[in-house]
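Chain nomenclature is as follows: A, B, C and D, assigned in order of appearance, with residue numbering initiated at 1 for each chain independently.
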Amino acid sequence: MRRLNIITAIVFGLIGTIAAHYLATIIFVMPVLEGDAEAPSGLVWLLENRIAFTTMFGWVVGFMIGIGAFSGPVRWVLGKDLTDEEALFLAGKDQGIGRYFRFTTDHKVVGIQYLVITMVLLGVGGTLAMLIRTNLMTPDSAFLGPTTYNTLVGMHGIIMIVATIIMITGPFGNFILPIMIGARDMAFPRLNALSFWLIASVVPVLLSVPFIGGMPTGWTAYNPLADQAPIGMDGFAFTIIVFAISSAVAGANITTTAVKMRTRGMTWTRTPIFVFGVVASVGLAIPAFPTFMAAQVLSGLDRGVGTTFYDASGGGSGWLYANLFWLMGHPEVYVILIPALAALLELTPVFTRRPLFSFKAAVVAISGIVGLSILVWAHHMYISGWAPKLGGPFMLTTEIISIPTGLLFLVFIGTMWRGRIWTRLPMMAVYAMLWNFVIGGITGVYLSDIPADEAMHGSMFVTAHFHYTLMGAALTGTMGALVYWFPKMTGRMFDERLGKWGFWIAQVGFNVTFLGMFMVGFAGQPRRVFNYSEVFATGNFISTMGAYTIGIGMLIFMYVVISSWSRGAIASSNPWKAKTLEWQVPTPVPLENFDVLPIITSDPYGYGRPSPDLAATDQAPKEGASL
Amino acid sequence: MTMTTEVHLHHDDPDTVGSRERFGVALLIVADIAFVFSLVFTYTYLRFLNTDGAWMPEGMVAAAPGETWLVTGAMILGLVVFALGARDLKAGKQPKFRRAAWIALVLSIIALVLQIQQMRNFNFSLGEKGYFAGTYSSSMMTLAGANAFHLTLTAIITLGMANRARLGKYNEPTSWQPRLATYWWLWVTISAVVVGLMTTFLVASPSLPSMGT
Amino acid sequence: MTDTAVHQTEDPPAPEPPGWKRPEVRSIALIWLVLTIVGECLVWIPSWLMGPSASTQMDDIKQTMTLFTAMSAPVAAVIWAIMIYSVARWRYTGDEPPEDDAPDFRTNSPVVLLWSILSGVLTLVVFIWGMLKIAAIPAAGGLAALPAGAMPPMVVEVTGNQWVWNFTYPELGNIQSDVLYLPLDRTTLFDVTSADVIHSFWIVEMGVKVDATPGQLTKTDVVPHSIGSFDVRCAELCGLLHAAMETQAKVVTQEEFDAWAQDKGAEVPIEPAAQEEGGA
Amino acid sequence: MRRFMIRAFFLVVTIAIGVGFVVGAGVLLAQPAPAVQVAEVRGTVQTPQGELPHAFLKLESYPDSMQGFHGPDGGAHPDWVTFGPQTALQVPAHSLVTITVLQHDGGEVITNDYFAKVHGTVDGVAQLNGEPFTQIPPDTVGHTWTLHGIPSPDQDQVFVSVPLQAANEEVVGENGYPVPNEVTFSFYTGDPGLYYWNCEFPCGDGTYANFGGAMSAEGYMAGTFTVL
């Protein structure tokens, strides 16, 4: 266990890959070769996919053995439980930088690991976005060609979806949330490490997709189109399966932590709103993602085993895939959005020096969105011809979501109302989010209404709409959250002078990009086209210029993250004078966070009170604690 | 970069840990319920849809439900034995639990073997290209496979339980650990019963083989 | 919130004037008005970008877009006005947090209630509008009702193939075409299916869109009301040449249509009664 | 000041690395410019539309992809069918284009018999080994050559689809492929524009529809058609 780290993981992973490939070839191909002289082409196709799946399986299993994920379960079965010393080793005690490359159970290490992998994924996804926009700069561009273009569109989609799903609950849900609720670690530290390393193991599989044939289907991977995709599609399906397992594990872990491990006195009304947002997100993912996983399992069976779930000539139907997919697909956008908004809700009181306006409304709004989000999936299928009679009910459920969403807006502007609005970068993220999310939300109402959706479905309008919500609101919120918690997580201050430039350049570029996309969407340009009619040339050119601006802004922001992390000013333990618990512990945060667990007597939003004695802890805040 | 090196592990009391772990396991079971629900939805939806009349192409014979119920029966038996054992453990009767765990392990393995046997016995003709004929056979095979996967996990968990009981790891205060395994046993058995009822009573498609909505 | 009574407003000096008389409320109302007027001046843009309309249901769709845009301008303006005013008026700049915190009021129940009711009403309006229009937007809610005294609908079978649309006219002796010819002012019923993967049949200027799903028949209909040449596109990613899966819909007079059909080799002559009516 | 310079320098370096990463990915994934087959113009021809240049193209379809130019998707695949010698075609605007296809590959039943018929050619006919035809039996289609495009206000609608009669696979010619069927057809081009053509016979990978593999990769069973 002590010798295992990322290097052994990669070595074992490669061994697993090669072994699985050979075994699969022997097991699956030999009987066929022994039989007929020439196998029918359909069977050859099944065998190719079968071997591809087995090989990927070999990589992940090998990797997980090599990182040490299975030593826990094996030792449990054998009855050799961890000693305290071993548990401390697993938590990363006295290991310096090496603990970031091991199966480390400390929630703070996992949080940083998630942060890094999120940034890597966002970087790759952003690169693909630049290539996509470059191809679309002119109507007849032959830069990427259709196969590569379609693959990159799908890759951009799924990479960004994975990155944005984990971007709040991964880094901040792991690093910040347990401290915020006064816990020493997560409920299941080893599951925590497992959820991260599952993603880490499968990211190489996902990134290999363009090089093993691609997945020219878009990230939705609709069947039966996905059925004719090259084996890159197997990489996609496999990634989703592993990712769904990781989400379920992380979801169970974070939810249990938040529900069962809040410190004494932290009743639900004294729990910070961020905790509600994270729990809503991961809690929603628990029932939602397995349906996506099931959709991909069936897809894999169709491709590798010869079942006919999505094959119309064999009794299957593309509608089945669409239903399973969107049963996950719509909750998933709230899985992304809610924690980002909750992070902004958490930091708004700090920078307005005011209590959160109507905490109850915020909680009701979040629960309302979560509850409704599982009843709206078919609004993605208004024009699919599947159950047209259900259009009305689904329109109703979808549009009702705008009521809780509107409440969240009220909470934001209510908290700014008559505040002492301290204009720092995290607060600027709130302004930007309010601008973007109003547009994203309103265009969502257009799409929720069947008469408008009839014209806009499948057009660039949809693309612009969901980028306004997922990027304009969720990613913007995450940038704010990163700057806000940066001092606690890295021990250094974020350089806002330059960071502001990066942030606002990206925001301006973002609005330009999607303004152009709304234009061509209204005019009738379909989504996911590599070439288009001359009539859409202007809007697309605007979009591409905007996209490059985003790229420059994001690179500046990235530079500031890296430079502040390595050489920024040393942060005090509570630079924002915030009242939540994570700011009351020293920076850097000690291994078990609290020596004595704090007792909570009121909620953390008591700004403007005569005696700010809230969030009282037994442990005096250590001001200015440094490395 | 930890501040203090004099860290000692804080241990929470078993009851707290127990309630925490019960909650976490329940959530993981919720995830599995969603997965099984998806497969059940797939079966019923495709049966209703009957695209091209290919739910059960002509000449196809439905699988006899006997084997399904044999597997399910073994699972129910295993659940009962294991649950009673866990109750005995709570009452402080460790040897009884140990015996129950071993019996449940054997039952889970029997069920697994029967399940695999059923998958081998399915009389679904694969065409020369290796494809299943129709979605009924595809669904049956997938549901059986999912159950086999369930049973594999169950067998591993029960093996751990039995072995740890042998080593004397379980006593009254830690009796919540076998109770967690009981939750799992209960869920896989319920899922097998639900799937068994569905595949026994909902076989032939109610819809005419037509192309239309 | 457990240990704090809900303080509505607790400004020290004097009891505040009622909400609508406060200076900040008036300023915000002014900003809101300006933003709303600017927004309302721009409501023609979506409809203008959507280009010409070739059917009544496209008219409905464009009307919907304009209405929604007109409705959303004041809504967006509320949020932006309060945000702009707050940031401009109550801004604090400095490296350290402000010494004095803002007033500690936790909620304002009348505002929350009013806000919820208003958003509920808006939602209801949008929903009712949608339900009323569903009748005219056939893909979503079944087929549109035929106008009284109209000719019986003409059926066109639409087949999506990977990257080519083709159209069959079963009532005209199964003549086939790559370009969709439609007679003016006559209801056309589309039976849409696919030979391979899921496509989406989209006549842009007619507001017709319905998926072509293999193994299923989806239906929609339209009454074209303008002569001209319109775009047929695929709105669901369908593989390599999805971008090039486009053709044209040509709306012509009934006479021109009949001539085209004869030329294509329609076996069954179009019944004279229908012709008379169509010519009118 | 010095600190500022250093920061500015590293900022520029970061942006340069980022841009370099994007450019590098672009270079890695970009499609190489395909070899273009330009139609050979042999004089003019009198047509109902006036006197037009007469351009000729020759294509062959092979049961494997050992021939011709292929994109970045991995060159020759023994199990992929292909058109050759090039799939990127270029013809003059406002001309009569005559295409000759040598069909070396066998065939089966086509999914949609619309494509067993000739569409969009002069007089709606094509020649099979010199004999005019308007359609072939749907169960003997080898491939099709189907041209379509992106209609826009300033681009003419062009649609041509011709079925290619399957070759008899029993009779092998001197190049190791079956003796081909020769299909010839002509059509008019309009204003300049970019069009696409592909095969409509499902001859690729996949368990359903069989439009994967060669069918879903440009340079094998699909290509561009530039009217210049």
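One rule holds in what follows: a residue touches a chain if its C-beta (ideal position, glycine included) is under 8 Å from a C-beta of that chain, and two chains touch if they have at least 3 such contacts.
None of these values were measured; they are calculated from a predicted model.
Both chain A and chain C are touched by B, D. Across the two candidate interfaces, A-B and C-D, the one carrying more C-beta contacts is A-B.
Ranking all chains by how far their C-alpha centres lie from the centre of chain D, first place goes to B. Chain B and chain D, compared by their mean Cα positions, are separated by 52 Å.
Here the CA centre of chain A is 30 Å from the CA centre of chain B. For the pair chain C and chain D, the distance between C-alpha centroids works out to 37 Å. Separation between the centroids of chain A and chain D, computed from CA atoms only, is 40 Å.
Residues of chain C in contact with at least two other chains: 196-197, 214-216, 218-219, 231, 239-241, 243-244, 246. Annotation for chain B: residues touching 2 or more other chains are 51-52, 129, 131, 213. Contact of a single residue of chain A with at least two other chains is seen at positions 41-42, 46, 146-147, 216, 224, 228, 306, 308, 311-314, 316-317, 319, 385, 388, 531-533. Pairwise, the chains that touch each other are A-B, A-C, A-D, B-C, C-D. Touching chain C in their complex are the following residues of chain B: 51-52, 211-213.
Listed in rising order, the residues of chain D touching chain A in the complex are 7, 10-11, 14-15, 18-19, 21-22, 25-26, 29-31, 33, 71-73, 79, 150-155, 194, 204-213, 215-218, 224. Only residues 1-4, 24, 45-46, 49-51, 57-58, 60-61, 64-65, 68, 72, 75-76, 79-80, 82-83, 86-87, 90-94, 97-98, 100-108, 111-112, 115-116, 119-120, 122-123, 126-127, 129-131, 133-134, 136-137, 139-142, 192, 196-198, 200, 202, 204-205, 207, 209-211, 213-216, 218-219, 231, 233-244, 246 of chain C touch chain A when the two sit together in their complex. On the side of chain C, the complex with chain D involves touching residues 159, 161-164, 166, 168, 176, 178-179, 195-197, 214, 231, 239-241, 243-248.
For chain A in complex with chain B, the touching residues are 40-43, 46, 73, 76-79, 81, 84, 87-88, 92-94, 96, 184, 187-188, 191, 248-249, 251-253, 255-256, 259-261, 286-291, 293-295, 297-298, 301, 305-309, 311-317, 319-320, 323-324, 327, 385-386, 388, 491, 586, 588-592, 625, 627.
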